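One chain, chain A, links the two complexes that follow: it is found with chain B in the first and with chain C in the second.
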Partner chain A sequence: MSGSLLFQSLVLGVLLGGLYALLAAGLTLYFGVMRVVMIAHSAFLILAAYLAWYFNKETGLDPLLSLVVTVPLFFAAGVVMQRLLITRLRPATLTMMSVLLTFAIALFIEGMLGFVFTGTQRRINLSYSGSDIEFFGAQIAVVKLVAFGLAAVSLALLYVLLKKSRFGQALRATIQHPQAAQLVGVRTDRVAGLGFGIGLATAAVGGTALSLDATIYPSLHWHWVGPLMAIIVVGGLGSIPGTAIAAMVLGIGQSLLQVELGTTWAQTLFYIALFVTLMVRPQGFFGGRLAQRF
Partner chain B sequence: MSQWKRRATALAATLSASALLLTACSGGSGGGGPDDPIVIGVSLPLTGDFSEPGKGVQRGYEAWVSAVNENGGLLGREVELRVLDDQSSADRVVQDYEALIAHYEVDLVFGPFSTRLVVPSARVAEEYGMLFVEPAGAAEAVFEQGFENLFYAAPAIAQDHYAHLADHILSLPEGQRPRTVAVASMDDPFAQGTAHGLRDRLAEAGLEIVVDETYPPNTTDFAGIAAKIDDSGADMVIGGTQYQDAVNLIVALQQLNYQPQIAAFSTAPTNPEFPVAIGDRTEGIIAPTGYTPDADWPSNVAFVEHYTEMFGGPPAEDEANAYTTGQVVAAAVEAVGCAEQGECQQRLVDWLRDNEVDTVVGPLSWDDKGRPQSAHLIQQYVDGEVSIVLPEDTAEAPFVHPKPEW
Partner chain C sequence: MPSASDTRRAPAPAQDAAAGPPRGPLSTGNVVRGAAFLVAAALILLFPALAPNPFILFSGVIVASYACTATAWNFMGGFTGYISLGHAAFFGLGAYATGLLTGDLDWPPFVAWFVAGLIVVVLCVPVGIAALRVRGASFVIVSIAFVLILLLVAQAWADLTGGSNGLVVPRPFPDLSRPEHHRAFYFLFVALLAVMLLVWWAIDRSRFGAGLKAIREDEDKAQALGVPTRDYKLVAYLVSAFFTALAGGMYALWFGDLDPIFQFSILLGSYMVLMALLGGVRHLFGPLLGAVIVGSALEFFKLEFGDTQLHLVAAAVLLGIVVLFMPDGIIPAARDLARRFGPQGTSIREMTAAELLERNRAAAARTQADADAPQSKEDRP
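Let's look at the complex of A and B:
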């Protein structure tokens, strides 16, 4: 293994980790706030990717501009989904039933995408999709850098929102102790709805970032469910920084393992990490107290 | 009002009963009378992972049925197609062929799409002693199962898809030949078969295989594989690919500014979506193909015309292989003079073993395992257009080597 390949893989791993962090952020938020296992999160990612592709195809403009429409749209859809569907589940069986409910939503989205856009595999053909810049001898694809930048900005915004705003305080209070939050006047149901909306808004950003450098098709979301679930469990359910750290560690780990062991073994890293976490530290390596504090 | 309601209920009941009766009657359509249509049963992945190629195969079959009926049918009888959807599932495809043969009593069956569905369905056909001509099971694994009734209706099996390219590379003078080769293939019998066939021939001739990577079908990130290939500096890259992985891998290689002398990828470059996805950076990319609408085989000219009239555009490889399946079965039926279940099927099989059939992909004959004894054409993107470049006697444009930068 040459040094340049190792460095190149490291750089690719960091970029991949950033994308993973963005894609998994919403997933950990739903669980943190509402104990909802949102299987449909990756289906929403693919939906956003399709909307970005369609926007680019119809207008010829950069797919990033579609965020102006998709982010508010997904936010609203998230609030509506939480208020109309998730709140109707009984608290005692919420976690389990949310799996079934969101599984159905994922199938619905996949079916609709196939119906509207057919099963043909699509890719956004950007003028800069094959361009790269050199970074200390490693090549960095411009699209990957854009996706990474998008991830960094969104996660930073999310962090500031949760840490600094009154809404963020209310959301964190709801996560820590819903009953206590209610006692001090936090309208937890409303907060949960907005939290779900924010989670889905991250899916709009993540899906658009994904669409820049991926070939998309309706059933692609199943390939993402496993790795994303593994990331949020390792990171500690509900912890945004934990998710970001786990995503980065697993992204870099996958990229470096690939050099020596090949793709198949590199991909099993996620599942090995998942098993080890569940055995050794079920609350996640960066969860627990960190999850409470964000 | 209530009387009206009762009447409506009675009417509905009568209608459903008649519908049931009709269905029951049409269930056993395989009678084989001189005026009865010849019913051909087929199960296709019309939904699920293989739905796109599955629909292509369906269009090919439909084009063949309409062409045959326009020309007076088979043995003077009308031909009908009975299509079931297996949802790309190997379990469903088995049930479907059981139902087609035993319940619907179809006269003949055609194969489904994809090696993964062909193997289980061929087993059902074999149990019932049915002739099984299939358009899409090209992997070597299909022919190692010991099927005695199976024939693949395309020029060559996966292992031989790159045969003309291998011949060409090995015929180059030592100085012009690539020395090092990087191979990346999906863990899929067909995709892997194509790449490994070429890899093994080049390795035997002394070329060095510097990267030999296999990735699972659900791989979404190809940057790591591309980095390995780029780092090896291989003169040539071979992709044993389906569609999305080929596109993702090519873009990932371009992002690293890797410039090989030869870049060959199976499946994707023959797809009309390919240049849409890659844009103007397709220059020099090579792919094996079993079919070109421009080929001047006698039946192909008529096929392209008929197909274009029906579907508004020229046929692609899946459509052509499906049409070829129809031609192969029809040739056997016309020669033997029968088309029904039972002893006739063995006569059809025996006839195909010993004869050559003219099809839209050229004349086809088979070995005792059902492997076609021909070869795939090699196509290349030259000046933004895709042309057949090998073998030289059917080439539309000269083979460009080394390939221009992409």
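Let's look at the complex of A and C:
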């Protein structure tokens, strides 16, 4: 592998890792606030991508503008989903049953997408689709840069929200110790609902970012479930910094392996990382299981 | 001296209405259950003769294979409470191993089938050890990841598996016509199912089964009480994997064409969970009942909405309803309903202490009289 190719894949890996970090942050939020494993996250991702594509097809405007609609919509959907469905599950079996319930939601979305938009593969054509930027000898597609910028902005917003706002304080308290949070007057059920909404809003952003640069089809979400799950396990379930580091490391690793092995075998990196984590450190490599900090 | 608190010693007299139906080998409950079992068994065995056309017969084979996979899933899910969404991995491995052994190595079909099951068990030992280190959510994630990685490998390793072009498995009975072929495999699947049910029944009554159920109720306490939880879980996992692999191998021999997308499908793994949960994971025939209901429904949905993706939506709604409203399954729900309309059992609290004492005394006097009667006859000169 030549030096410039190595640098190119490294840069692409960082861009990819940023997107992964945003998507996995949502999963970590769900797990933190409700101990819920949200299989449907990647299905919502594809749904957002489809909405962006449809928006672009109908109006001809930039798909990024669809965020104005999809982000509030997904936020509301998250709150409703948590309040109407997830809280109905019995606490004793919540974790297991939430997997099945969100799995059903994922299937539902996949089936509806297939029904409404058919199984045809779709792609957005943008004026800047083909353009590249030269960066120290590496060619970087503008769409990838835009997607990364979107992810970085959202992650920064998420960080500020969690660290600086009063709601963020309540959310972190709910994640760390729900009973104690209730004792000091945090309405944990409401906070959990809003946290769920925020998680789903990140899926709206991530899906739109994805739609800029990917060919989408209804069953695509299965390709995302595995890597995202691997990231949150490697990062330590519930820890947002751990998730971000794991996303970056695995994104870069995948990008580097892709050059030598091709896309399919490079994907196995995620699963190998997952199994190694479970064998060596089941609580995750970065940050503990349900780490106390953000 | 019988006392009011001495409830165990008093045998309930048959004519005492408050005591409910008599409990014995020939009680009404057992007779009804036995009759239902015989009728169900007869229906299952007569199905190929009753099926009006080959398509229904074909669907019957599919439902029988679903019943096998759901029952095999229940060795793990039902006993230990570990919900695996990835049992399709064992199904696919068993199918591919059978296909490769018969196709590439020319082994006799049913030898290959059984050996494939054993190979899958050996392959699953390290996976099981890794997966069972974690509980709850992480276990489900690992089980999903296992299917996804095998799907990737099966698609990428086209030299071995044929990739997306598929792998053709030679038919074990080349002389049979298509309906006869379906009929033969229907009975093979039913026989496999019968073996599984027997093993499940035996484990359910064994010390091993009691240990597994202790893990399901409270793993930490089970461990504290001296149940070797890790070994028990691993054995249950391997038994489950073995039977799922056998079901997959049987499917390979029957269907004759394997494609990674359908063999290593999360959908198949989730159907197993749906079937087992719908019927009731704590019951021997729960997964079978669930497979008959869900399997028929899925076949119907595919027939009706095959061109669109609506069959996925239908399956999703079904799964959501089961998870939200009857996570214990149909069998317990039906039993509760029957209890509501059936004869009401009396609990101890509905009887005063004085009444209970009176009843115990009467019962004790009766047994005393029964014991005395033959003796006095023999004593008579």
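Definition applied: the second predicted complex is superposed on the first by the 287 of 294 C-alpha atoms of A that agree within 3 Å, B and C clash if a C-alpha of one lies under 4 Å from a C-alpha of the other, contacts with A are read in each partner's own complex, and residues count from 1 in each chain.
Everything that follows uses one rule, which is that a residue touches a chain if its C-beta (ideal position, glycine included) is under 8 Å from a C-beta of that chain, and two chains touch if they have at least 3 such contacts.
Note that the structure is predicted; figures quoted are calculated from it, not measured.
Novice: Of the partners chain B and chain C, which touch A:Y217 in the superposed model: first, second, both, neither?
Specialist: Only chain B is touched by A:Y217; chain C is not.
Novice: Is A:Q179 touching anything from chain B or chain C once the two structures are fitted on A? First, second, both or neither.
Specialist: Touch partners of A:Q179: none, neither chain B nor chain C.
Novice: Just checking: does A:A104 make contact with chain B only, chain C only, both, or neither of them? Give me first, second, both or neither.
Specialist: Second partner only, chain C.
Novice: Identify the partner contact of A:M279: answer first if only chain B is touched, second if only chain C is, both if each is, neither if none is.
Specialist: second
Novice: Have a look at where A:V233 lands relative to chain B and chain C in the superposition and call it first, second, both or neither.
Specialist: second
Novice: One more residue to check, A:G114. First (chain B), second (chain C), both or neither?
Specialist: both
Novice: Let me test your reading of the model: by the given contact rule, A:T264 touches which partner, first (chain B), second (chain C), both or neither?
Specialist: both
Novice: Starting from the residues of chain A touching chain B, keep only those that also touch chain C in the other complex, and list them.
Specialist: In chain A, positions 114, 119, 222, 262, 264, 267 sit in both the chain B and chain C interfaces.
Novice: Touching residues of chain C toward chain A in the complex: what are they?
Specialist: It comes out as residues 81, 83, 85, 127, 130-131, 133-134, 136-138, 140-142, 144-146, 148-149, 152-153, 155-156, 266-267, 270, 273-274, 277, 308-317, 319-320, 323-324, 327.
Novice: Touching chain C in the complex: which residues of chain A?
Specialist: It is residues 31, 35, 37, 39, 85, 88-90, 93, 95-97, 99-101, 103-108, 110-115, 119, 218, 222, 225-226, 229-230, 232-233, 237, 262, 264-265, 267-268, 270-271, 274-275, 278-279, 282 of chain A that touch chain C.
Novice: In the complex formed with chain A, which residues of chain B make contact?
Specialist: Against chain A, the touching part of chain B is residues 47-49, 51-52, 187, 213-216, 218-221, 223-225, 227-228, 230-231, 243-244, 247-248, 251-252, 254-257, 273, 276-279, 281, 406.
Novice: Over in the complex, which chain A residues touch chain B? Could you list them?
Specialist: Residues in contact with chain B: 2, 4-5, 8-9, 12, 15-16, 114, 118-123, 125, 127, 129-132, 139, 141, 143-144, 213-215, 217, 219-220, 222-224, 254-255, 258-259, 262-264, 266-267.
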